[in-house]
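Notes follow the structure.
Chain lettering (A, B, C, D, E and F) follows the sequence in which the chains are written, and residue indices restart at 1 in each chain.
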Amino acid sequence: MKIRVIIPNSSEPFRAGQEEDRKKAASAGVEVEVVCLQEGPESIESALDEALAGPHIIGEVVRAAQEGCDAVSLDCAMDTVVRAAREAVDIPVVSAGEASHLLALGLARRFSIVTVMDSTAEAIRENLAKTGLDRRAASVRAAHVPVLELADQERAFTAILAQARLALEEDGAQAIVLGCTGMSQVAARLQKELGVPVIDPAEASIQLAEVYVRMGLSGSRAAYGPGSGADGNRPSGGH
Amino acid sequence: MKIRVIIPNSSEPFRAGQEEDRKKAASAGVEVEVVCLQEGPESIESALDEALAGPHIIGEVVRAAQEGCDAVSLDCAMDTVVRAAREAVDIPVVSAGEASHLLALGLARRFSIVTVMDSTAEAIRENLAKTGLDRRAASVRAAHVPVLELADQERAFTAILAQARLALEEDGAQAIVLGCTGMSQVAARLQKELGVPVIDPAEASIQLAEVYVRMGLSGSRAAYGPGSGADGNRPSGGH
Amino acid sequence: MKIRVIIPNSSEPFRAGQEEDRKKAASAGVEVEVVCLQEGPESIESALDEALAGPHIIGEVVRAAQEGCDAVSLDCAMDTVVRAAREAVDIPVVSAGEASHLLALGLARRFSIVTVMDSTAEAIRENLAKTGLDRRAASVRAAHVPVLELADQERAFTAILAQARLALEEDGAQAIVLGCTGMSQVAARLQKELGVPVIDPAEASIQLAEVYVRMGLSGSRAAYGPGSGADGNRPSGGH
Amino acid sequence: MKIRVIIPNSSEPFRAGQEEDRKKAASAGVEVEVVCLQEGPESIESALDEALAGPHIIGEVVRAAQEGCDAVSLDCAMDTVVRAAREAVDIPVVSAGEASHLLALGLARRFSIVTVMDSTAEAIRENLAKTGLDRRAASVRAAHVPVLELADQERAFTAILAQARLALEEDGAQAIVLGCTGMSQVAARLQKELGVPVIDPAEASIQLAEVYVRMGLSGSRAAYGPGSGADGNRPSGGH
Amino acid sequence: MKIRVIIPNSSEPFRAGQEEDRKKAASAGVEVEVVCLQEGPESIESALDEALAGPHIIGEVVRAAQEGCDAVSLDCAMDTVVRAAREAVDIPVVSAGEASHLLALGLARRFSIVTVMDSTAEAIRENLAKTGLDRRAASVRAAHVPVLELADQERAFTAILAQARLALEEDGAQAIVLGCTGMSQVAARLQKELGVPVIDPAEASIQLAEVYVRMGLSGSRAAYGPGSGADGNRPSGGH
Amino acid sequence: MKIRVIIPNSSEPFRAGQEEDRKKAASAGVEVEVVCLQEGPESIESALDEALAGPHIIGEVVRAAQEGCDAVSLDCAMDTVVRAAREAVDIPVVSAGEASHLLALGLARRFSIVTVMDSTAEAIRENLAKTGLDRRAASVRAAHVPVLELADQERAFTAILAQARLALEEDGAQAIVLGCTGMSQVAARLQKELGVPVIDPAEASIQLAEVYVRMGLSGSRAAYGPGSGADGNRPSGGH
């Protein structure tokens, strides 16, 4: 099984810093390739970033399918252009934000998301309304650390921990979902510190992609567009 | 007052066919300019189309603000990249789908939307969940006429009328919202035939844009991004 | 176009104090008449006030239609007897509370309402549940200034500002809707101070009434009663 | 214990026709008085009727409290002015529609309401949204028999039975709530015929009023107005 | 009329301590029998307790029906196995938690529940989601007094009062529902102290059971199982 | 990794018939043991069955943890006593119904469940309300084939197919979730026939259990009881 992880920004250093973790996130025997965009924003921290990155993401999704990948993991907790990506290809497209929310549902009644910025928090709130999972979310909080500064893991850990504690103590959360795939490295340490489940969206997304591939499941054509991936009218993305 | 209507596709014939109607949709003394995209999909009928059109739309929105327009009307019932557009500029950004839903709320308890295709219907259903207005929507139905074939007004009228009747008789709708700005020309005739309010999203959007300009209101920065339009870091769109 | 603004209380001094603002709230060329009730409560601050004012309001609404007005603006943020008023006449009936909520939906994801008293706050909460817009409301707060004391604009401004700040900082609001039409005079100043959209319900109601008249739209008979305004069985109100 | 049943219309023949049933609906030892309005609409079949009847209903509610009744049953499935009535007096005010919905919640997961007219159905739908009980309602259906023609019990029975069957077979209802207090006489027969619980709102309201009196419970002042019934500013109703 | 109150734990001292209160909770002429379980947990404070008590509760419910009781009151605010109990017998099965919530709906717009432990609070939250009444619940709070220590009434009163005040002042509650039937003895005193309705679930359950018996209503077979109580396949409970 | 699949009925032939499929449902290298109950109902088709099976299920869950299993899969689409099971042990407890719903969320906007009987359909509807996922469920339909007759695969296939088609064509479903773990054998064939994703709950549950084990995640103690599995007060189940 081969899974293509698509990081929807154009920061090669960010990609390089995540690659090892993504490979470790997969089960034994699963091949993971980690790519980022050739063009587009350096990080996805607003709806504007999402809009500008859109065609480039679609281009990578289509390329992954053409190159024989079994599934795509969109490596972004904001679930950027996930509907469009599912329309574009026949292989399963899993998105890190959504995947982490789904896993949280089986671990607690109410979860909170700790993300990077107010703008991503707001976009995630809107996503939760869209998927109807807002009923199970206690809060979405921002650690106020930009994506590309998460590399400073101590700072990231401290800032996320503070918001996670507030989520547990004041908002009624019972589990924490990390709201940025750049937070993967601190997930285990946070779980140990907090004593409740802490879900890494990047890992959740790869694991869920594996499940769909093993079970022979992919996005419903009745939900995601009337055409099929074999259709000659499919665009080839943002090129 | 000057309002820039941005048709988010690259079909100049479609734009030309709508221009007169858009100008008539505005109040006396309001200047309306109707543009479409230089590049991008020829029509917006899926999330994929939306993703590919995104940067081009943002580019036009930014240009409108730079050229001194008082408001932008995104002329699409699918409300494509409306969050991103509001992040990008300080002037009011009104979107045809959302505007038509808001007006419907003041006319009936339950409204139905009749749109062009199953794929647009599905995207509109997701938008209604996102905005929380699904509680007031009786149904979203597709007339199965592609955007660029709406120019055949008799065919369009007949197909929309049939779905609108089903919405009223079977789904409990009390008002009809047209789910494509290309349907403007048949709105009045449909209202006469059906005996319930029929809302043209293109007209709704221009009228609501005027209201926001007159009242000195624009998208909240607390909702749409922490930065401001004067911020030098704002991207100039997809160019 | 002629719009009749009906202030649903019997306080002539209150009416006189609002008249100029209402006329300024309309677009150029729109004639605005501002009336209040001949009988009934001196202010509307509870459901009890609403029940007692009901027939007198209906009487004025019917009179407006009979005297050739193009639309009615019910000038009360509690949306008193709005369903009944729409049943009573064929012209558009816009209500200040509802109108301000609709406009807020296009400006922010979550808005808060700052009203006069706990009793009006509670009635507005019930209205939001009824219209399904509670999903978008962050809170409803009371400034604890009775309607007829809003004339002391400094006191009103200070009290409303304090509650609006709490709404923004603690409740997650991104825009403020004023919860009493007697608060019109402080709206612009509040918006300047707070840096988020502040919506005056009286102005919103007149502007929305204009929109419906221009678009040829009025309350759906399928939603508001089976009869029509021309029906001889229509009551003539509370006289 | 003395309960005043207030029929919110001015039809003395209707009142007389219901009186015996109301007295039988109460438990042994409970005194029931059945009054109707001196003035106002002959039946309550629309929001307009409700608005016009409002002050007269409040007048009767206040009189009941002044004359030492232990509770009031508002004998109308449309729950007319129930908030105002609770603000007006300190004794429990139970309303037939709401009471019947509450009892249904303990008997089935989904109930349907069969009422008289489309206009009452629509008002009841709005009430269910307001109380949040729409999640448990399968449908609201109209038998298309006006209130004052329910006296023809055979016609009423046949029409209600037909709609109740549709509710059970097509809408997923598991219990039937009658949507007009004038339907009391056919409730038992319908239950026998349908094999599911059928709830008479008039009886439900009296029974629930008894419960509140026995338990020493009445409407919360925190919910229904800041003042108290002893307050000299309380209006004496519509006189 | 004979009502069997089933306390779903195996603590005879607890049962004995409640018996008198339950008999007083019924109307004149209603016979009340109070039983507890022969086996099973000593108190119900978690879902685990509920699962272990389940068959024993069902056994008692079936025995009550066989011995000619007119109704059963499940004396637990956690509404343990209420669906199963309704499937098992034809007589009305009322459950204390649900009954208290239903009565609260008629007294206030928002109620809070003060229960014994965090684990019962969490189970009650889940029940409110299940019944859809969470829209009307302001909060569920735990007094942190185990069921069997409620016998220390001063301690119980003080702890419950503190949480109830927080519910009223911080959560927006307008009425208090006690979240354990072992709290019956402090209900009246709390209501006097707090000035808002305080509902004793044990009393609510008996009173509601009486109502259903008087009205000839019982759980819908369409909602609670396809079989009937006369069906030979009905299990005889946990024996 | 060792996963214990607990079939919550006492039918050894049913268990034997499923064992092979469950082992095949796991990933390479994962050990799967399939047990059923020693005592209790022969199948779980009602809430009554669930209540009676409860203590026996808990007993098996506790035994699995004691015997060193890494996770438990509760092999029932009705999600019987899942909260209690999570309270009882520290290892992940995955339940087949919930697991299948979570996977469906990532494949389609609206899914329908096709289960065995009306009584299981009703219990599943209640579960969906409890988890808040009813917003994403198009319908729950019964194939009217009892659990133990599913062994007749042709009959099962035909009956399920018919209901699935109705779900897709009339209810708006875009994916099908099988509502009984005894339906595993027909899942693949149904998916081929229907052209939309068909989810086998038994497989979904095992796959999700693997994910949680690999990710080091288990039920939150903040959600599922204050105690821990090491706590001496933990019951040893129904023995």
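One rule holds for everything that comes next: a contact is a pair of C-beta atoms (placed from the backbone, for glycine too) under 8 Å apart; a residue touches a chain by one contact, two chains touch by 3 or more.
Here the structure is a predicted model, which is why all the values come from computation and not from measurement.
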| item | value |
| --- | --- |
| Count of contact steps on the shortest path from subunit A to subunit F | 1 |
| Shortest path length from subunit B to subunit E (each step joins two touching chains) | 2 |
| Length of the line joining the C-alpha centres of subunit C and subunit E, rounded to whole Å | 44 |
| Separation of subunit D from subunit E, taking each centre as the mean of its C-alpha atoms, in whole Å | 27 |
| Subunit A: positions in contact with at least two other chains | 109, 122, 126, 129, 131-132, 135, 223-224 |
| Full enumeration of touching chain pairs | A-B, A-C, A-E, A-F, B-C, B-D, B-F, C-D, C-E, D-E, D-F, E-F |
| Contact footprint of subunit E on subunit D as seen in their complex | 27-29, 92, 94, 98-99, 102-103, 105-110, 131-133, 135-136, 168, 173-175, 188, 191, 195-197, 199-200, 203-204, 207-208, 210-212, 214-223 |
| Touch list for subunit C against partner subunit D, complex | 41, 46-48, 50-52, 54-55, 57-58, 81, 83-85, 87-88, 117-119, 122-123, 126, 129-132, 223-226, 234-235, 237-238 |
| In the complex, subunit A residues that touch subunit E | 109, 135 |
| Of subunit C, residues touching subunit E in the complex | 122, 125-126, 129 |
